[in-house]
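Two complexes follow with subunit A in common, the first pairing it with subunit B and the second with subunit C.
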Partner chain A sequence: MDYFEPKTIREAVSLLARYGEKAKVIAGGTDVLVDMKFKEEPSCLVNIKRIPALSYIREDDGFLRVGTLTPIREIETSSLVRQKLPLLWEAAHQFASLQIRNTATIGGNVCRASPSGEMLAPLLVLEASAVARFSRGEKKLPFGELFLGPGQTLLGSKGLLTEIEIALPPERSGSVYLKHAVRGAMDIAMVGVAVLLTPDAGGKKAKDVRIGLGAVAPTPIRAKSAEKALRGKAMARAVVEEAARRAAADAKPITDHRASAEYRRWIVEALTRKGLAQAWKAATGKEVDR
Partner chain B sequence: MSLNIRLVVNGRRHTAKINPATSLLDFLRDTLGYKGVKICCNTGECGACTILFNGKPVNSCVVLAADAAGAEIVTVEGLAEGDRLHPVQQAFIDTGAVQCGYCTPGFIISVKALLDRTKNPTAEEIEEAVSGNICRCTGYTKIVDAIQIAAERLQARS
Partner chain C sequence: MAKAEYSVLGTSIPRMGGVERVAGAGIYGIDLVLPDAVRGGVLRSQYAHATIKSIDTSEAESLPGVYAVVTAEDAPDVKYGRTSNDRYMLARGKVRYMGDPVAAVAADSEATLKKALKKIKVEYEPLPVVLDAEAAMKADAPALHEEIPLPANLPKDTRVKNVCGYSTLHVGDPDRAMAEADLVVEETYETKMVHPQYLEPRIAATRHEADGRLTVWVNAQAPFGVRSEVSKLLKIPISGIRVLVTEIGGGFGGKATGTHSSAGLEPICALLAIKAKKPVMMVLDKAEETVSTTVRAPVKVWIQTGVNKDGTIVARKAKLIFDAGAYSGFGALAGSRCTQMLAGWYRTPNAHVDGYIVYTNKQVCGPVRGPGGPQAAFPVESHMDSIAAKLGMDPVEFRLKNIPKPGERIAGVPKLRDVSLGETIRVAAEKIGWGKVKLEKNQGVGIATGSWIEGSGPGGGAVVKINEDGTAAVLIGKVDYGTAPRFGIPMIVAEELGIPTDDVTVLNVDTDASPWDAGTVGSRSTLVAGNAARLAAIDARNQLLRMAAKQLEASSDDLEIKDRQIRVKGTPVKALALAAVATAAHNEIGEVIGRGYFDSKAVEAEEKEKGSSPPFTSHAAIVEVDPDTGNVKILKYVAVHDVGFVIHPQAVEGQIEGATAMSIGQALCEQVLFDDKGKTLNPTFVDYLMPTWNMIPKIETVLIKGYPGAGPYGTKGAGEIGCVPPPAAIANAICNAVGVRLTSLPLSPENVLRAIREQKGVEP
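Right after this comes the complex of A and B.
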């Protein structure tokens, strides 16, 4: 196995250009090392951990920027994230175990592109962008287009993710991330639901609603028809229940050892209903009307 | 291909030549002989191989040994001072928080990290601190007792 520790982004990108599909990028390593032990050792390993200044969380003119090497634990313990992006905090807090959160990076979780990746549905509803470097320059890839399938992203084998850019949601919005798993810690989500809801100025209607679903399709997805059913509507229980049913229909789950497709749809419906009620309460302080 | 690394384990300097695909767990156990770091699931799920990496608890089975170049590592072997056990170790013994003992070094490191960052942990913080460590024998109750006693003793000492 060839092994490299590039010291600059440029050096890393040129290694990826040279080795293409043969190269595997490693950051925290919590997924890559498991593959190396139990599946296959890559013919070239590019360890990007020694590139300086890729671990940061900073606010910048309406955006929060998170460096690709930022450990999940740094996100969880950042007061800036807690205050400005409670949704991202929640996802980080529910991520695996403390030991893994100390090691795993946000960039690794994104590039792994697992349908159940804990940070992905939240980043999808936040309409984040992946800032990536290619040999021809930088590209900004919106999360809505980034994921192509399990383990597949627009980065391909040549792009290096450098930063996650997140526009801060309106201050009066409310959000929640709900995960369904057998065990709280160290368990992969059977279903994850992220909700970001912005009420109108009167606090009666849903002005903007975004619902992200994890682990129920080949990529994390938005529940578009559920969102549409709520947009501009007064937040009444019947409307919420209809949206939750639509979210279950928007999901494209499979049956595997963790749960059946049918069960996953039920959970999507239940978590969407609950998530909408909680996000509405977080935004307005009110319960959903009967 | 091989790689030369330098690191500090339990306050002692080491220099070694490694295969870059080696995990920190295998390196600590097989090359340096720190057998207190236990190998169990080898996939980052059970916590038996927990060590402190620059003061933070991590699963050494899913960390590259290469990433430990320049780092300070603490394993369970580094806690006692001569014959005097660390208060966390003594509390595990006193409360019977050990049965087969295989998960114990990982638990003890997670608890040491907890008490390094919080002197007076809440029940919730205790649960979070060891939720990445799995014990198949004790049912956890005695372990939680041990953590509370260790916290009290450390507080009394300081």
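Right after this comes the complex of A and C.
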């Protein structure tokens, strides 16, 4: 196995261009090392941890920029994130264990593109973009298009993620991330639901609603028909329940050893209902009308 | 009580060797370094059921760095088994589950080993697979062991297949009593396969010594069992094998039955070492461990009980289908215990239970902590609540109504001496706040009881040697894995010799030096080794006192040992240093060596006459069920136990809390899952869900006193019984919370939510 520790992004990208499919980027290694033990060893390992200045959380003119090597724990402990992007904080807080959060990077979580990846549904509803470098230059890839399937992104084998760019949501929005797993902590999500809800000026209607679902399709997805059912509507119990049912229908879960597809749908419905109510309360301070 | 009577017993001394463990000193099996050792590994079957057409090892053998490749051809044609010899150390002609060892390799590195294992070509002819024990009994099921006859004790007209053990129990006239009962309640229950999942990986290491003997290092609970099986399988005399036990990081019965537990790892390792002419070290990883080693067997139970209107149990009938896995292993023994327990531990004058122990193409049953216990108690104690509900009776009251009396019998115990069951129920009810605690919506309270055998089995010996400085070295055949050897044994010896516990060393098992023992199993460490060590210490003390008597010009009866001094009782000035007497012994009788033996037969005979006092327990829980997700949270948990006299309170509480937590895992989330070809779907800790600490409540342990058992000073076994009640206690609390009776484990969110939804669907 060839092993490299590039010192610059350019060097890393040229290694990826040279080795193509044979190369594997390693950041925190919490996915890569497990794969190496249980599956195949790659013939070339590119360790990007020695590239300086890729770990940061920065506010920049209406955006929050997070460097690809930023550990999940940094996100969890950042007061900036907690204040401006509580949704991302919540996902980071429910991520694995302290030890893993110290090691795992946000970029690794995104590039791994596991349908259950904790940060993905939140970034999807935040309509973030992935900033990536290829040998031909930089590209900005919206999260809505980034994921192609489990483990597959538009980065392919030759792109290097450098930054996540997140437009800050409106001040008066409310959000929540709910994870369901048998053990709660230290367990892979059976279902993850991210909700971002912006009320209208009067605080009665939902102006903008975004619902992201994790672990219920080959990629994280938006529950589009559920969002549509709520947009512009007064937040009443019946509307929320209808939206939750639609979210369950939007989901395309599979049956595996963790849960049946049917159960995952039930959970999507329950968590969407709960998530909408909690996000509404976070935004307006009010309960959903009966 | 303990304080006044004893100087050491009843206190909680620090665990001997505890600091080393917490500090991470390299003391476990995997830390073993043998000079010049090579790595061994096993090739396992890729089919759950198949005939082996051919094995070609030539490519693997020719790889540089490979020292030996072995298959069944390299080993004598000998089978092993406990109740039935149905298993080869390396598959011969046929494989019966996906963990079955087929070949093994010794190589210079882990990498070469992996490569070589891949290069072994095995041609299989797949056979139909049967994974469900009930299906395996049917006429159209594939036969797993054509050559093994059905059990001789099967009733004549039984038409079954793949049955490797049959156990039955009959008391009174259950047919008639059932027909005459006011109410008959009938249910079916199911439990799933769980793996004991000790954290420490299993090892085996072997060196073929210059004198031709074999030294085998193991982290096994039954080193003498390993010795006799290695001897049998490799046709090496017992005298040619020495087994040494490393420190053990958890076993829970999963490392208990000779080489069964490890699927032949020790003899395979020995075979490799002989062929490779090099020491061989083998370590199983977690996934390999889950697919190949012994498990807690799944069961299906049909249970029926007849009661009178006033709540008196008049009859019990039950049928058990116990899934032994691919080989008989410990199945017939655990299945038989499970059969007995299905008759319950309440007064039941008429009962009939049939237990069928059945082969399937899965992992093999081992004596996992309380073998058969949780599988019986989940049905029995859930069923008790169902009956109480039908009677409109309070579950606690219903149980109390049916407590057996001294002199009566329960299944497995022909005559009870004294019965603590009722007291454990009353204390558990009081501590949980039965009938008093205010429960919120979706919260519920449940109770379940349990009993456990003290276990019959062989006796065991102990030797206590007195060093010239008056300290003692103790040899016993039980190994330490959090049990008596580093808690109770040194305390007992110290108590009897009048020396501090720090002056006592308990040696780890070396089959060349330690007394023979059946294995550290069945909650028997303190019973067997404790009794034996006590007698050995008394023997040593008597020898010392006899020698001192001459010098002190006193009768040895008037002497005692206190504070490392031998002195005349009541006249402490007339004293000799213990060290001086021990040293002087060298020229008189040689070293002072005390001998003790726990006579299992004598105890059985005495219990037959006077009755026995088995341990009883009651657990109570308060849970909260999330009606949206099916999630169950345990809010409060009380474990009340009668374990007789308590030598080391903290150690006993630790055993009970550990067993309870282990069983909560089986209750809430643990399960080995299979696809339809018999492949284990969740072999690693990513997918095999053990409970994490946030799922385990604070377990309030209460030890009730006053019911002495057969152990030294009146102790009873405490290591396993904590596993018995939890699944039923939690299921009963769930039923109390949301009104659904779950009849299958685990009580996982999905199963709970499904049951809630089904119930809602039925009720308009």
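The definition used in the following text is that the second predicted complex is superposed on the first by the 290 of 290 C-alpha atoms of A that agree within 3 Å, B and C clash if a C-alpha of one lies under 4 Å from a C-alpha of the other, contacts with A are read in each partner's own complex, and residues count from 1 in each chain.
Quick note on the criterion: a residue touches a chain if its C-beta (ideal position, glycine included) is under 8 Å from a C-beta of that chain, and two chains touch if they have at least 3 such contacts.
Keep in mind the model is a prediction, meaning the values are calculated, not measured.
When both complexes are overlaid on chain A, the residue A:154 reaches neither subunit B nor subunit C.
Once the two structures are superposed, subunit B and subunit C can be ranked by residues of subunit A touched, with B on top.
When both complexes are overlaid on chain A, the residue A:3 reaches subunit B alone and has no touch with subunit C. Judged by the touch definition given at the top, the superposed model places A:184 against both subunit B and subunit C. Within the superposed three-chain model, A:254 lies out of touch with both subunit B and subunit C [touch as defined at top]. Legend: residue contacts after superposition of the two complexes on their common chain; A:267 is shown touching subunit C, with no touch to subunit B. Residues 34, 38, 184-186 of subunit A lie at the contact with subunit B in one complex and at the contact with subunit C in the other. Across the complex, subunit C is touched by residues 34, 38, 180, 182-188, 257-260, 263, 266-267, 270-271, 273-274 of subunit A. For subunit A in complex with subunit B, the touching residues are 1-3, 5, 26, 28-30, 33-34, 36-38, 41, 45, 47, 49, 73, 96-100, 102-103, 184-186.
Of all the residues in subunit C, the ones that touch subunit A in their complex are 287, 628-629, 631, 668-669, 673, 681-682, 684, 686-687, 689, 691-692, 694-695, 748-750, 753-754, 757. Interface of subunit B with subunit A (complex): residues 1, 3, 20-21, 23, 42-45, 47, 50, 53, 56-59, 61-64, 66-67, 110, 128-129, 131-132, 134.
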